[in-house]
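Both of the next two complexes hold chain A, though its partner changes from chain B to chain C.
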Partner chain A sequence: MSIHRHQISRRSILAGAAALGLTSTLAACGGSDDDSGESSGPVKLTYWSWAPNMEKVAAIWNKKNPDITVTVSKQASGGEIVSKLITAKKAGNAPDLIQVEYQSLPTLVSNDVLADISKYVGDVKSEFSEGLWHMVTLGTDAVYSVPQDSAPLMFYYREDLFKKHGLSVPKTWTEFAEVARAAKKAVPDAYLTTFSSNDPGLFAGLAQQAGGKWWTVDGGGKWSVGIDDAGTKKVAEFWGGLVQEGVIDNQPMYTPAWNQALNKGTHLAWVSAVWAPGVLISSAPDTKGKWRMAPLPQWKSGDNITGSWGGSSTGVSSDSKHAEAAAKFARWINTDPEALAALVKYPAVYPAATKGQSVDILTTPEFFSNQKDFYSTAATIAATTAPSAWGPNVQTAYTAFQDGFGSATKAKKEAQFLSALATMQSKTFDDMKKQGFEVTEA
Partner chain B sequence: MTPLTLTADATGRTARARRTAWVPTLVLLLGTLYCLIPIAWVVIAATKDRSELFSTFSFAPGTGFLDNLGDLTDYRDGIYWQWMANSVFYAGVGALLSAAVSAAGGYALGRYAFRGREFIFKVILAGVLVPSIVLAVPQYLLLSKMGMADSYWSMLLPSILSPYGVYLVRIYAAASVPAELMEAARMDGASEWRIFSRIAVPMMMPGLITVFLFQFVAIWNNFLLPYVMLADDTKFPITLGLYTLLAQGASQPALYTLVITGCLLAIVPLIALFLVIQRFWSLDLLSGSIKS
Partner chain C sequence: MTSAPLKGSDRVEVGPLADGTGTAPSVRPSRPRRRGRSAPYWFLVPTLVLFAAFTLVPIGYAIWLSLHKVKVKGIGLGKGARSEVWNGLGNYVDVLHNSEFGHSVLRAFGYGLIVIPTMLGLALVFALMLDTPKARSAPFARLMIFLPYAVPGIIAALMWGFLYLPTVSPFYYLLDKFGLPQPDLFNGGNLYLSFANIAVWGGTGFNMIVIYTALRAIPPDIYEAARIDGASNLKIALRIKIPIVMPSLVLTFFFSVIATLQVFTEPMALKPLTNNLQSTWSPLMAIYDSAFLKSDIYGASATAVVLALATFVLSFTLLRISDRYTREDRA
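So, the complex of A and B:
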């Protein structure tokens, strides 16, 4: 409850009390709340997800659990599903189960969209790494969702081109800058990679690695916003410097031009997450078997820290009339070995559950057939993921990022990278204040 | 149109009118190119397979159209065609109902004198100025209170009343249904309903078709209303369905080839509709200019 915004906390406490009353009444009736509505027929759950082929995983569950059927409804990802959920919640129509990105969790919790399911799934904590579990509890006693996939950051590079131009794989960011310069010298029309002003998620991951803590909340529900903290400043300065120098491209990612740069080899590397192979298949189909993955460069040599870019979890909405049944499904899909194998096979996610990261379940991606130890390396890297600190208005910060860094990358000025970061900080802080949170600037 | 312009110009400026007007022609040609190039891009891009899409020259045809078509049909057991059917249903039925309501409303406002007529008309006129985007969320909350959110009704009901349609039909009715004709019909003992359905509606037909077409295109292209209203992806129209193919999260590749092929197929019904209905439309314009 503590992270709720101030003005609604009384109402949510009342709602919580009412919910508690309700469940205890139901418990007194002796049954689970699954059959509270109609006593006959199976429980029908709806599940909003954007991952492709999620319905195939749900089909396995439906076959084994005829009394609880889950229907997947595929939605758009990112900010879209969040705003749709908040609107649906206002009308009392939120689905039972929701795929939630880690960074959207605080937003959804502060809008009362997610139910606390700690009493149903509290004991699965040991299945996940501490950092991941922290993200779904937001550091409270409540549990708002069950982790589904994690997305540790890594360094992907073109093995063939690195060899051809005598480039070595950078272990630190200092080396990374040197490689960027060397690459530019070796192939004047190519870049090592780009700094994308369209992908705040990647920037957030890099900041996370550098020790940035964008949002923190204390036990009393008091937030502090530290987007322009020392760690994040270091990251913005570093990339801004390289862009200004002209050795790192300034074009956004996920555009046709970017696809072409990857496919033609005018980008020699990509800082991305564990899911990169799936993107490369469609973005750079001609480069199959030419890539290799290595740990993310470090700020201090000898360190072993990475950030993450993306990743999601399965939550139960506070509108659900079958919270227990829904929580059962959320637990199954993210911890059951059969479900984990299906998650790997169909939506092709990198499971968050520690046992899902074993090589028995994951087979080397076809696109990386030259790197047999892809997933064992990935598991080692995943274990070094720094905890992330998300807040209730990530979308505002992300929009400010796209605006500010959009013009900074265009201008190719390091100073503008830093002023964009300061704007991001002030916009996010002001927005939280306006929304009624008790908040200070870190 | 051309003969009319000529007769008008015959009063003394014939020579000037016959000379080819290069500047306007050039401007129009540029405009045509500007509108057609994106369509040409879609047509050509739909023929490219995944590896050709971003690597070959934009206007060089690819080799994968049939594969793309097959992939699109296979995608989630052919849900694309379900979306197509939904779009046809929402746009077809919605536009039909909207044209019917506009016909009745516009005719009443245009041909009957009653107290408050101007007030009602002005309210409707104000409605023309309110973008439908603004109304989507309130409409969602209202329909959801009635238990109709995420149903076919939630898409049809908001599209039935088109202020612009009522406005258009009122103007059209006032111009095309002569009061003398209505008088004569009344003398012959026709009921008001009979006058409306047998005399006014056929005379207003070109105007009604215009309303139908406008509304059809508006519903077909609508994104925000279905986005807010619908949760069940088997009820999605094409616009929303294709969007879910693009926004699959950063970790999933956007299915560009499928979306482009899907877009191409989605404009086919619109083009077909325009070609079929165009006859009525040009008739409308011609008859209008002759009368004045």
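So, the complex of A and C:
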């Protein structure tokens, strides 16, 4: 299943599918003449989310706000919730509140699923970093959602094995390549890490760090698709080269074999996001306390830039009869200190709000008990996240990535990495053109 | 296996039974009275209403969708940026020009070429073996052969996927211990064998039961006559049993062809485990991809209609051929 991998989303895919039947009935509950929001009885809101235990956070709100009741309905994440939302919108019964991955925002806005809530939440801008806020406005005057969690990329490595084999933590990608070679030399049947053709989200984050801008809107009101731009090419070339050289593994992530590689230490490191501890705890339970996290290697030494892998926000649907009440909840859950603490405690997200990233709220993950400064380091890294540039057909690009890079990683040929990137570009561009978008190739 | 054979199971078992034995009760229906002429139609109403609501209307809607497409204006953000417009046969032209879909159909046929003969061959051999008078603990063997069919397809695919992965599979561990070659089961042609193995493992039992049921319905006096004429067990199997259960074989073949065109669970479940599986590996995966990942329900509907028509034409042709064959056989 080509679902965007995420600590949260992985666990809840099945639960989301099971809840499918319930939601349409719930969403249809809203009365038709409640526009003023002053009708008798509590306002009832439905909230589609895939994060586990989100209902516990909503329960806190419901207790404090008896006039606005929020009911959480579990969903799948990735491409599936997007298709479902578009279909629900078509039927006129999209839920009031929606958990939206950043990369899905343009697709949903383009399908008129999300309402502009700038008049209700425009003033929370200061709570978030500029890059995050840019993602939820799509660079316009509108605000389509409130950021919930962010997922900056980091470098995770096995502290014990690095020490044992005399490997140093790479500060640049050049050093990363050297460490990969040294690791292969020290332990012939191990790899530093793998290049996974099943995880376009990670590749997108790495491209973002290298300055790749996949979708942009130019001054003349046209989309510009630049998936094979210089920054992304650099990333594809770099990883393709290392896979061809045989110092980076080519197996996909999130398979039983990959779990074993992490657990047995035949993968010495993992480029991942802030949610990695939650994955490692289930994928590599035997390695508790042996990992350490460091900033992502840089393209230029002295730089401080990272990308992101995942992250989501809370939006209000254009079908909602209670947009104001829904926006109120979206603001509360993502900025109120009590709500942020609950988000950390129950769905275990890394809050997007700057004050949510403070160490008062976050406690060191148990899996990283050896790294007491885990979250203060994370906050420093999060502040260096490069802005991302998502477009209205991310899933098309993602599928093209999986197919093209699948063959390329299998063949272990650097040249094929680049041609896969070119195919990804042309498929994405053609798809937009076919749908009628004003679009050019960067 | 997809659910196609499951749905047909009840019909399958009745058909050969009634056909083979020829002992169906010969109750002659009395002529309906004039008064109750409308009664049969009333009995049909519930079926017709449900059939219309859950089959005809959705099919009609899919056809309607397949003739439309979405048109985006400008950069496509905000209200009214998208509209549904008439596209005539445009989506169908796209489907027929789509080489990825064409390849997926070819792959499905390639997969079917391995699965169908192996599965039906095994099913027939098992059924014949169970039907021999000397077969010991036949009920137990029958249950064991049938058991994999009771395992849900997705579970079977995940389980086999685990066994196919070299670093976690116990089989690879043994191969390694004995110094035997370790094939990459996800590579190239092996991929077809890997999927086919799952399908054969899961489907043989069902088809075996269908054929076995037909065998049990053959009156034993035929065998007695054959034995008096000096026929061996093998001769009886080849000359008597197989020709008599031919209608069941045709039916199981027919269901297997449909299941082959609809192969989805196995490749979908194994896709995350390997770099070698395209998102459009099988026809249904191609439809899933455009409907649920690319959100293009229009193109997906057109593809689905094409696949349904192709399945229909193929089934119809196969039925006609087998019909002619069995009729000639009887004559």
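Note that in this section the second predicted complex is superposed on the first by the 402 of 442 C-alpha atoms of A that agree within 3 Å, B and C clash if a C-alpha of one lies under 4 Å from a C-alpha of the other, contacts with A are read in each partner's own complex, and residues count from 1 in each chain.
Definition applied: a contact is a pair of C-beta atoms (placed from the backbone, for glycine too) under 8 Å apart; a residue touches a chain by one contact, two chains touch by 3 or more.
Everything numeric in this text was worked out from a predicted model, so none of it was measured.
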{"item": "Touching partner for A:223 - first (chain B), second (chain C), both, neither", "value": "second"}
{"item": "Which of chain B and chain C A:283 touches, first, second, both or neither", "value": "first"}
{"item": "Which superposed partner A:51 touches (first chain B, second chain C, both, neither)", "value": "first"}
{"item": "Which superposed partner A:403 touches (first chain B, second chain C, both, neither)", "value": "second"}
{"item": "Touched partner set for A:351, first chain B, second chain C, both or neither", "value": "neither"}
{"item": "Partner chain in contact with A:80 - chain B first, chain C second, else both or neither", "value": "both"}
{"item": "Partner chain in contact with A:254 - chain B first, chain C second, else both or neither", "value": "both"}
{"item": "Those residues of chain A which chain B touches in one complex and chain C touches in the other", "value": "80, 87, 254, 256, 260"}
{"item": "Residues of chain A touching chain B in the complex", "value": "46, 48, 50-52, 55, 73-78, 80, 84, 87-88, 90-93, 95, 101, 149, 151, 199, 201, 254, 256, 259-260, 263-264, 273, 275, 278-279, 281-283, 285-286, 309-310, 312, 347-349"}
{"item": "Touching residues on chain B, where the partner in the complex is chain A", "value": "50-51, 53-55, 76, 137, 140-141, 144-145, 149-150, 227-228, 231-233, 243-244, 246-256"}
{"item": "Residues of chain C touching chain A in the complex", "value": "70-82, 162, 165-168, 187, 268, 271-280, 289, 291-295, 297"}
{"item": "Residues of chain A defined as touching chain C within the complex", "value": "1-2, 79-80, 82-83, 86-87, 106-107, 109-112, 116, 138, 140, 142, 197-198, 217, 221-223, 250-252, 254-257, 260-261, 318, 392-393, 395-396, 398-399, 402-403, 405-407, 409-410, 431, 435-438"}
